[in-house]
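Read from first to last, the chains carry the letters A, B and C; within each, the first residue is number 1.
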Amino acid sequence: MLRRAFLRVAPALALLAACSKSAKIRLALNWKPEPEFGGFYAAPFDKHGLDVEILPGGAGTPTVQMVGAGSAEFGIVEADELLLARSKGNPVVGLFTVYQHSPLGIMVHAERNLTSIGDVLKEGTLAVQQGLPYVRLLEKQYGFQHVRVVPSPGGDLTAFLADPKFAQQVFITSEPLAARRKGVAVKVFPVSDIGYDPYTNVLATSDETLRKSPEMVKSMVAAAREGWRVYLDDPKATNEKMHQMNPSMDAETFAEVAEAQKALIEDDETRKNGLGAMTKARWETLIGQLKDLGYIPMAIPAEECFRAL
Amino acid sequence: MKAFRNILPPLIPFVAITAAMEFLVRGGFIRSYLLPAPSAVFLAIWENWGELAQAMLKTSASAMAGFALSTFTGIAAAVLLSSSRWVQKAFYPYAVFFQTVPVIAIAPLLVIWFGYGMQTVIASAFVVSIFPVIANTLSGILSTDPALRDLFRLYGATPAMTLFKLRFPAALPQIFTGLRVAAGLAVIGAIVGEFIGGGGLGSVVDVARTQQRVDKVFAAVLLASLLGLALFGLINLISGITLRRWHASEQSL
Amino acid sequence: MADTAVNAAVRPGVALRLEGVRRVFEDSLHNQFVVIAGMDLRIEAGEFLAVLGPSGCGKSTLLRMIARLDQPNSGRIVTESEKGGREPEGDRAQTAFVFQDAHLLPWRNVLDNAALPLELMGVAKPERREKALAALGQVNLLEAVDRYPAQLSGGMRMRVSLARALVTEPRLLLLDEPFAALDEITRFHLDVQLRELWRSRRMTVIFVTHSISEAAFLANRAVVLSRRGGAIKLDRIIELPEERTNELRADPRLGQEMKLLLGAIEE
């Protein structure tokens, strides 16, 4: 009796087992659903035969470790994070970059009439993520003797609004817009001005996943590329979807940021080589900078760090 | 010899676990970027001792200041709450607020109110550690032996006399229990405050995490734990001396 | 009698009158329990009265009301002065209470525990010390004055409690099964000691117990309360010599008194 019941159920179980093999592909984001990830939410994964689950993140989500540990097949990381990870024995590899140029910047009150990033460090308070390489570079170039360095408050503008001498690490596409909406005139100095310009919001996976499932990875990149095309052309529908998931950013800001970030995503480079394309030269520059700053002990071959798929 | 007998038991699991971890990481069973080998952690402590020692001093100062504040404020608040049932019913729920509010959520608020600097870290340590002091002190004061209370009443003792000569001394064992819990919490509160407000071991953890230096993260965490342990030990010592002559539970410590 | 003449300088005990005393308890569900249904009792000055009865018969409640730690729901308890009128209620030194457990303050030494009532009444330190030492001397505890309760045996702790009760030279001494938790030998000794203390001071003593032998041994007069409602089933003068030593334990007269008391309890 039992044997017959089992034989009837067995094929269903086998199918179920097979299905769980081609299980959900997890894409871990390093922040909440915002325009910086728009193309991924717009991506036609189904069309490419991929069952993708996007895992929204927040402050400090360790996407690089998640990919390394296998709790996500893909993650959004920064190029410098990726190099650090590789140097520590966590072989993560970049596939597609959202931002061709780093959107990191230092935002100050416009009324201070500062002309260069060096001026920011002459007085007042500077709120940054102190562990980031660009901060070390900034310190090396200008020194922090005259400015008080405090932890970055994330996207929170309260301290900035309360103190005219407060300078804050921001994404060019994000906090400045919010500040202007609050009626404060601001000026932003891009970090790339000091020559530090890592690829930002890089879609990455582990060497192992790439080796084991190259076709799946290729499809993933293709879908992402299509998604970003769709998002750049018309972000409205995707913005609405993301706004549902992240009501802390209002609909107008979604639209504004989506518009403001276009220049960082699509430029002559991408029009030539396709959206998300990366070059060996840029990776090599970054590797050199991290070695000089003492973040990595020795140079890593750039070809190992990314793939053009 | 007695000191040796007290240190040896907790030392054995520590050595065993450390050895196991070392083996697992060196042998590649655990990836070193997820969990560092103990030897790497000790090396990180050694190499960064200057920075870590200074950070540890800063965190200790903030934690102890916050703890001192919650000790005095907590005991005073509990004494006030014990004065009448109405006062208790009206205000105790607000004391519970300190227990339940997630400090990660209010730490940014503390920075806004107190600014960047040690005062915010102390405030954070205070907020996190005050509730056990209030709860245990109040419980101690309210659970005085009714026969003794009758005795005091019989001889016409004023409420103040009953509080200071009976209820408060009788509550000391429970007060110390509350302080023991609060000590560890004060360290945690200080570290969280430092994540947001900067400085101390919290800042070391935050920066090292961004730099993916897991060994340094664990080094700072280890030192923070030792700090909590030291504070706990200090309370135990004071408790032992104060209660030496009269409380049965102190004899076994 | 010779004894009373020697101790005329000591303040004699008070007399008490209970008139229609009724005590009802109400629990959280508003169920009512009549603990004492309406008691009339007169206690003479300097009497050693034993109150006997099974557990839950209201004897502890009665004692607490006499101590004014509790109030009757109706009826009254009147303290009479020797002149026969009402005593002013202000004088706190009058009443002392000894509980079933010693209930000492563990953070104070024996001397400070014994002196506690005087401290609460605002007596100056040197006088407190002197009187506490005197009281501790009466219970033979002078060698332990610096020790702490945790270092004392149960019997010694009870003696400190007794000294504490005597330190204000009370005119009414109330004891609620004070020796029940002690071993028999200690109890026998403390019984004798208590009786002697009473003989030298002649305060009124009300001793609640559920030990028939203790009641008969210690008291001049015994009342037996009913199981419920505090009705007096027996009120008897104990016919035994004034001076009671442990030799009396084997005396058949003690046995006779006990039999009478037992009979009242059992019916």
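Definition applied: contacts are C-beta pairs under 8 Å (C-beta built on N, C-alpha and C of every residue); 3 or more make two chains touch, one makes a residue touch a chain.
Since the structure is predicted, the reported quantities are computational estimates derived from the model, not experimental observations.
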Innermost chain, taking as reference the mean of every protein Cα atom displayed: B
From chain C, the most remote chain by mean C-alpha position: A
With chain centres defined as C-alpha means, what is the inter-centre distance between chain B and chain C in Å? 49
Cα centroid separation, chain A vs chain B, in Å, comes to 38
Please report how many Å separate the Cα centroid of chain A from that of chain C, as a whole number. 84
Within the complex, chain B is touched by chain C residues 64, 67-69, 92, 95-97, 99, 101, 103, 105-107, 116-117, 119-121, 148-150, 168
Over in the complex, which chain B residues touch chain A? Could you list them? 31-34, 108, 111-112, 116, 195-198, 203, 206-212, 214
Note which residues of chain B are touching chain C in the complex, please. 145, 147-148, 150-157, 161, 165-166, 169-170, 172, 243, 245-248
Contact residues on chain A for chain B in the complex? 60, 64-65, 68-69, 81, 84-85, 88-90, 125, 129-132, 148-151, 153, 156, 158-159, 162, 295
